[in-house]
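Two complexes follow with subunit A in common, the first pairing it with subunit B and the second with subunit C.
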Partner chain A sequence: MATIKAQMPGVFYRRPAPEKPVYVDDGEEISAGQTIALIEVMKTFNELKADAAGTVAEFLVADGDEVDVGQDIVRLGEA
Partner chain B sequence: MRRVLVANRGEIAVRIIRAAHAAGLETVAVYSDADEHSRWVQLAGTAVHIGKSAAAKSYLNSAALVEAAETTGADAVHPGYGFLSERPGAAKEFADAGLTFVGPSVSTIETMGDKAAARDAAKRADVPIVPGSGPVGDVDEALAAAEHVGYPVLVKAAAGGGGRGIRPVASREELAEVLPAAQAEARSAFSDDTVYLERAIDGARHIEVQILGDHAGNVVHTFERDCSVQRRRQKLIEEAPAPGLAAETRASINEAAVRLARQVGYVGAGTVEFLLTPSGEFFFIEMNTRIQVEHPISEAVTGVDLVGEQLRIAAGEPVSFSQDDVRIRGAAVELRINAEDPDNGFRPTPGDLSRLDLPGGPGVRVDTGFVAGDRIGPFYDSMIAKLICSGPDRDAAFARGRQALAELRVEGVPTTVSMHRRLLDEPDLRTGAVHTKWLEELLPDST
Partner chain C sequence: MNELLVRSGGLYTTVQDTGRFGYYHMGMPPSGAMDVYSAVVANMLVGNPDDAGVLEGTYVGPRLEFTDDRMVAVTGADVPVTVNGESVEPWTAMRVGAGDVLEFAMIRSGCRVYVAVSGGIDVPVYLGSRSTYTLTGIGGHQGRKLVDDETLPLGAAGGRARGGAAVPEALRPALDVPAELRTVVGLCSYRLTEGALASFLGTDWKVTKDADRVGYRLRGGSLDFTEREQPFGAGSDPANVVDLGYPVGSIQVPGGDEPIVLLNDAVTGGGYATIGTVISVDRDRIAQTKTGDAVRFTSVDLDTALAARRDRRERIERVRREIAR
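Then we have the complex of A and B:
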């Protein structure tokens, strides 16, 4: 299973700001290097970027949840 | 007032618990998943789990805090700093639940939290403010206002704070371009697109005055602090008193802070922040309606227990001393030890605190919420400890600071210790010739 993993521990956000739309929706095609979420580490926001192209099959983490380094965030389908 | 719920974490939770116990009050600590085995949980009389590690699901969840107070029979809430300390909505929820909020009234928090309203209050109190405008709605209004304010200007979000929502602008052309973007940013960051202009002042020092007000209308100050050593508007080193301040300037700035506090009927501990220009003029920036991180340096030079006074005042008692009783004795410096890597752009660095050997001796105070073996998690701010070093004069305080840094051993995470060692020997800092951009100019790679 191809996944995008968290590169750092922190709090996971799917939106750039609470009232903004999500970076990517389920089923959306994404390209390598595209920002798909934010991870907040000690009040600093870091962009989580896709390391490969593909289709977002499913987010494995809910908005606002805690994530650990290396944790699977997104399951990718075929590009 | 009998039992205080401490609605915070880390070193300030420990500080509040100490002050409350010393005052004969009982304490209730709160903790998130990440903080179950923390120092403040051990020190408090009782402790309540309030939610998951993410702050929005624990320390920012006012409903969970009210519930914790109700189940433990707490009759007061101390918010510390950050988190809910300056949110009028939360203060109102606590009050509505019959809890005493250790801080000013809801309306004071509201007024001083709105930058434009705070400036109006300062004007009414005859406290000088940075030349600026009222709210500007569009580019034409902004351009007209900027002619009076004078370039360079800052475009500031009325609902911003902590250095957020501020854009520097050097010219008419730039202002026309920046204004719509600044409004959009303010709308998305603070749900309020109101912006105003303010003169940008170069080479200024950040001077702030600690005040205390009580329900009887007494307002006193415990002198000023100099917090000019900042990076991205985050303070790293603070001093009390401000070095090299003319006696006349000191008197005027402290009196101005007291005037403003009186003007708004301030109750509790608060800090009035000013910019001091190289020519000795000072201007009000904002008021923080809570205890500050750097409060211990004021305690060190005046002997006043500021958190103890907060609790007294909340309980309806008067401030325990009069203005004439307060004197500055010696000097104090605070060094913030953060889990950040100064060699790597001050990147925050969570990790396991495998070793924490703390300094000691005369004039050395360490405030921390951690012990060796704790995890410095990614969920909250990066501060591990504060070293507060004081002595009969500034040189003695700095000498104790150097010794304290030499004794301090932190292992498991990179910290700002090495940066502090270097800074204490910087000629500009030793002579007091620093301003709010000094550190960023000294460490250009750090931003």
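Then we have the complex of A and C:
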């Protein structure tokens, strides 16, 4: 199963700001290097980027959840 | 060329040494490597003085390119390290040359990696130290964390380092969690109820996302303070006292819910009751815990704290002998 993993621990957010739409929706196609979420840690919001192109099959964590390093964030489908 | 190319700065990489001392009374915290043992040992491996400038990476390490012949060593957190894509051993002195690229994968455990390069990271010395204090933007490399595509000055490589010299497993620090943090209870622990102190020591606390070089905010319990009449000069929060100097490693509990362990870049004094102080040796330990990890505090006396400091010094000398073999 291809996934995108968290590179750092912290709090996971799907949108750039509370009033903004999510970066990507389930089922959407994404390209390598595209920002798909934020992880807040050490008082900074860090962009989580796709390391490969594909389709977002499913987000495996909910907005506002705490995540650990290496945790699967997104399950990818076929590009 | 005496330069190191920073291809990627990583998440939060700063130049640090063993710290900037002598200015605490003026409100200047020591900064310096959060995990001193790992920083000193990294320097030893590459033949540097113990207090030479090193790089401290956090969670996501930097990507570095060398421009000349150097010795390099990586210590600290458990993380796969590569040179030119080939896996290399941490806690080991390695020879690298112009064009070689050192890189980190995702950390397995721990939090901070240290990179020592022979000659040292030769940023200007400010108030006796090369350490970065980012809150005021002083010291280190322009007073800030490293960014992508910049150049760091290195000292002249020399020294007597031996390629392949490695630190034996037994002399590498433990990274298991919950991390046990030996703590001297005080200075203001009298503000806690007896039950609260027991609860403080009996709780596994979780490191929150607000955990950096300034301090670690923890969650997992709630502590009650004793009733008192608010003294003149103290704030109204039950956790407030009349201002005092904060020891590095001291633990305060604003609001009673979230203890904060003050670390290398913390404020030097204020009006919160400090209920205990993590002993200096175990600051290395908390420095290697990451957001989501658990820590617990065990009460020790000052003699134990001093003995632990002696032990660490002896461990460092043992490493020195092992490397020199």
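Rule of thumb we're sticking to: the second predicted complex is superposed on the first by the 79 of 79 C-alpha atoms of A that agree within 3 Å, B and C clash if a C-alpha of one lies under 4 Å from a C-alpha of the other, contacts with A are read in each partner's own complex, and residues count from 1 in each chain.
Methods note: a residue touches a chain if its C-beta (ideal position, glycine included) is under 8 Å from a C-beta of that chain, and two chains touch if they have at least 3 such contacts.
Computed from a predicted structure; not experimentally measured.
In this overlay on subunit A, subunit B clashes with subunit C.
In the superposed model, A:Leu60 makes contact with neither subunit B nor subunit C. Using the contact criterion defined above for the overlaid structures, shared-chain residue A:Gly70 touches subunit C, although it does not reach subunit B. Of the two partner chains placed by the overlay, only subunit C lies in contact with A:Lys5; subunit B stays clear of it.
Residue contacts after overlaying the shared chain place A:Val41 against subunit B and subunit C alike. In the superposition on chain A, A:Lys20 makes contact with subunit B only, while subunit C stays out of contact range.
None of the stretches 8-16, 134-142 or 260-268 of subunit B clash with subunit C in the superposition except 8-16. For the contact definition in use here, the residues of subunit A common to its subunit B contact set and its subunit C contact set are 8-11, 40-44, 66. Within the complex, the subunit A residues that touch subunit B are 8-11, 17, 19-20, 40-44, 64-66.
Subunit B meets subunit A in the complex at residues 33, 52-54, 56-57, 188-189, 191, 339, 347-348, 350, 377-382.
By the touch criterion given at the top, residues 11-12, 58-60, 106-108, 209-212, 290-292 of subunit C touch subunit A in their complex. Per the touch definition, subunit A reaches subunit C in the complex via residues 5, 7-11, 40-44, 46, 66, 68-70.
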